[in-house]
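Below you'll find the structures, each written out as structure tokens.
Consider the two complexes below, in which chain A is the common component and chain B and chain C are the respective partners.
Entry: the complex of A and B
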């Protein structure tokens, strides 16, 4: 198993750092899946995480200048590592003005992802900062736990309102209730609702637009057969939604959510070279 | 005693006090013939700091008539006088420190703009002279760097990091986070920064060395140096000997003295940056073995005059051999006293925070026990030097 990669472009480095920062805000531990073409940060839904799962996909060529991978075996040319993204974040933080950043899979007292950044210095010799981030190699027999999630058979798909607005609404609602209902229809209308014994608050968004999934979506009922005014809803733990919104460092070029009525809230953020999917299960 | 600091020096004085507050809870104030000494020590006696402000630092410097006046007070109360550093140089024109001996009060008066006078009366306690014994000139290795270099270096380490390891070779310096050898440590993130000797203003390394000390206590000095623009000099020897960081200009001198981990827990060959395996540390319990002194900065309790950088007397220099084994040393009797008895075990095991006594016990106890050290069973008949 071998992995070596190098970033020399400052813009790529900053972008990569932002992605890692976002992931580190969503979870304390996740799986890093490395293939020849992609990097994936994966969190598989488990009771421990409250059933939340995450899939973040990066196209390697858009970030790395050099990328060499030798997976577990020839027919399974991939590497799965369990890592604490916060360590990764910390290592990248002080390397933002580096001339180059190299990432390697190494073995110190335990398997590590070693990040070495060459920093500008006052002399002809560069400063080198090296971080050894401990990782766990995930054996092949467990890889199936971390497969790409299927696009759920959603009832409604809708573009999200501007993140900033949505975040401030959710922040305030969090003070009043632990659960939030997100409902939307195919008319571009979305409501965020909370209801307690004392108070109920609803925020209405209009004219958001619905992504045109067309025939390639796994929707069994095509849009025309569904009453456009009919709301699909999911009641979710508000903290999980807030955590997801808080973590975003960059405004995505596309932000949408798919709702499986009373089952799952599937949030998708697309940004140039990165796609981030987040699944929050609905609660009763 | 009557001292007056004016203009920008008021802020410098405030910053010095703030950086001392990162070391210990009490400020020791002592006018000496070379000026005003402000000192602090941490509860485990593993870090000591001293700022000596020369008479030229002040617009007016009048030493007290009582030559042996010295006092200590909670540093927080002094900090409260100089809070909001940012506005200090805008509003304060003059700062006057006076000793009111009848009432046992130290009066600090801030003369501000528009005729505003802020007077603070701080009560103090009499105390012994707090003076660490160390000798910069006898250190084998000396580095000097601009504060920016040190600050940038330290940035790579998390603010919560306690101990850091510094290794030097003939042309390189490595700084690493130090990790205790316990169950969690093998999974800890290791960070290492490598600098070339060229980045330093002065680089004199006589032997390859590796020392481990507490970074947290240094940060106060870094902040002070950065704001004053003064280069920082580092003096150190082999592990076990203290590391001294100092800043100097024509009117002041600041020295931060930190104890370092002793040799037993430190492999000698440490310079290959590719081998990053954590040092095979002995578990904390072994720290309690006979080399306790390396964790302690021997504190002078007598009236030895003079600022700390002057080698005090020939006998001390000839004790250099002892200094290598123990961080600082005084008479033999004191060393024995140090190695005896339960209270001393606390000192060494404290260094890396494995066992901390309640802070309330420490300050008074250490001062008392320092006095006692000078008068252990063998010295009972000698007059007290304190």
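Entry: the complex of A and C
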């Protein structure tokens, strides 16, 4: 198993750092899956994490100047590593103004991703800062746990309202209740609702637009058959939704969610070369 | 504005309707008295009075006159209820507490009477939020029996001068002592904390002193924990009047200008700390 990669463009480095920072805000531990074309940060839904799962996909060629991978075997040319994204973030922080950053899979006292940042210096000799980020290699027999999630058979797909407004409302609602209901229809309408003994609050968003998913068969019924006014809803733990919204450092070019009525809230954020999907299970 | 397109039928059920183009003109002043969870609302033709009390020794009142509201309809002589003030403030600031110039949250506050929730319609940038907050039967606010005829000493100061003192108050002191006297030190705030005693003196001819009417020397102590919340009202205000009566009861009245430059009042009443002997 071999992995080496290098970033030399400061814009790419900053962008990569932002992605890792976002992931580190969403989870303490995740799986980093490396293939020849992509990097994936994966969190698979487990009771311990409240059933939340995440899939963040980066196209390698948009970040790295050099990228060499030799996977577990010829027919399984991939590497799966368990890593704490916060360690990765911290290492990248010191690499902020680096002329180049090299990442390599190494074996120290344990397997590591070694990050070496070449920092600018006044003398002719560059200063190199090295971080060893401990990782766990995940054996091939467990890879099926970290498969790409299927697009769920959703009932409604809708673009999210402006993130700033959504964040403010969810922040306040979190003070009032532990759970929030997100409902939306194919008429571009979304409501955020909380209800407790003390207070009920509903925020109404209109004219959000619904993404034009084609006839790829991934919808339970085509839009023309579903009553456009009919709401699909998911009741979720507010903290999980807030955590996802707070983690975003950069406004995505597209933000949308899919709702499987009373089952799953599937949030999708698309940037130019990164896609982030977050699945929050609905609770009773 | 979307909020005013409610039907006539909706309006008929309400005994109190109060609307503001800028919800901050209500939320800011309520924050100045938000040291306890529950607030007593009393609405009359004159406007809204909101009362918060602490341990029967402290009472804070915020007055928002009817003229401040863009719409103020009241169908009874007096309408009273009690709500959770923390919840109310979260609702009033649902679109975020930040002050972006030109962007306002519009508010329409409605109440149908005993047993009904307080209903808020808030709108910003085309997004509407509806809140229904449970109300309780209002408690009777304490009557501190503070009337102008019993006032022994009164000063009016520009808030600027007191803001510095209040922000530096030694919180290790259990009491705040207020001395008012026709002669030196005129008006003095004192604390007795772990690092020693501190005094803030305001002479009667100071620029900051707008009015000085002291008939006899009085020194009273008030629990610091009770008066500390008044700092929020002081921060919002431009002028403050400090009055004590013959019993040593304290009245602090703050003149507050809202975002639109309109005037509202906040007042705090506080009982003297009983452990101290009167001078």
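Throughout what follows, the second predicted complex is superposed on the first by the 283 of 284 C-alpha atoms of A that agree within 3 Å, B and C clash if a C-alpha of one lies under 4 Å from a C-alpha of the other, contacts with A are read in each partner's own complex, and residues count from 1 in each chain.
To be clear about the criterion, contacts are C-beta pairs under 8 Å (C-beta built on N, C-alpha and C of every residue); 3 or more make two chains touch, one makes a residue touch a chain.
Note that the structure is predicted; figures quoted are calculated from it, not measured.
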Clash or fit, chain B versus chain C on superposed chain A:
fit
Looking at the overlay, does A:108 come into contact with chain B only (first), chain C only (second), both, or neither?
first
Tell me which partner A:161 touches in the superposition: chain B (first), chain C (second), both or neither.
second
Let me test your reading of the model: by the given contact rule, A:169 touches which partner, first (chain B), second (chain C), both or neither?
second
Using centres of C-alpha atoms, tell me the angle at chain A that chain B and chain C span after the overlay, to the nearest 10°.
70
Quick one: classify A:91 as touching chain B (first), chain C (second), both or neither.
first
Regarding the shared-chain residue A:127, is it in contact with chain B (first), chain C (second), both, or neither?
first
May I ask you to decide whether A:201 touches chain B, chain C, both, or neither, giving the answer as first, second, both or neither?
second
Least C-alpha distance (whole Å) that remains between chain C and chain B when both complexes are overlaid:
8
If I apply the document's touch criterion, which positions on chain A are contacted by chain B in one structure and by chain C in the other?
none
Of chain A, residues touching chain B in the complex:
87, 90-91, 94, 108-110, 121-125, 127-134
Contacting residues of chain B [partner chain A, same complex]
149, 155-156, 158, 186-196, 198-199, 273, 276-278
Inside the complex, what are the residues of chain C that reach chain A?
84, 86-87, 90-91, 93-96, 117, 124-134
Touching residues of chain A toward chain C in the complex: what are they?
161, 164-165, 167-169, 171-173, 175-176, 197-206
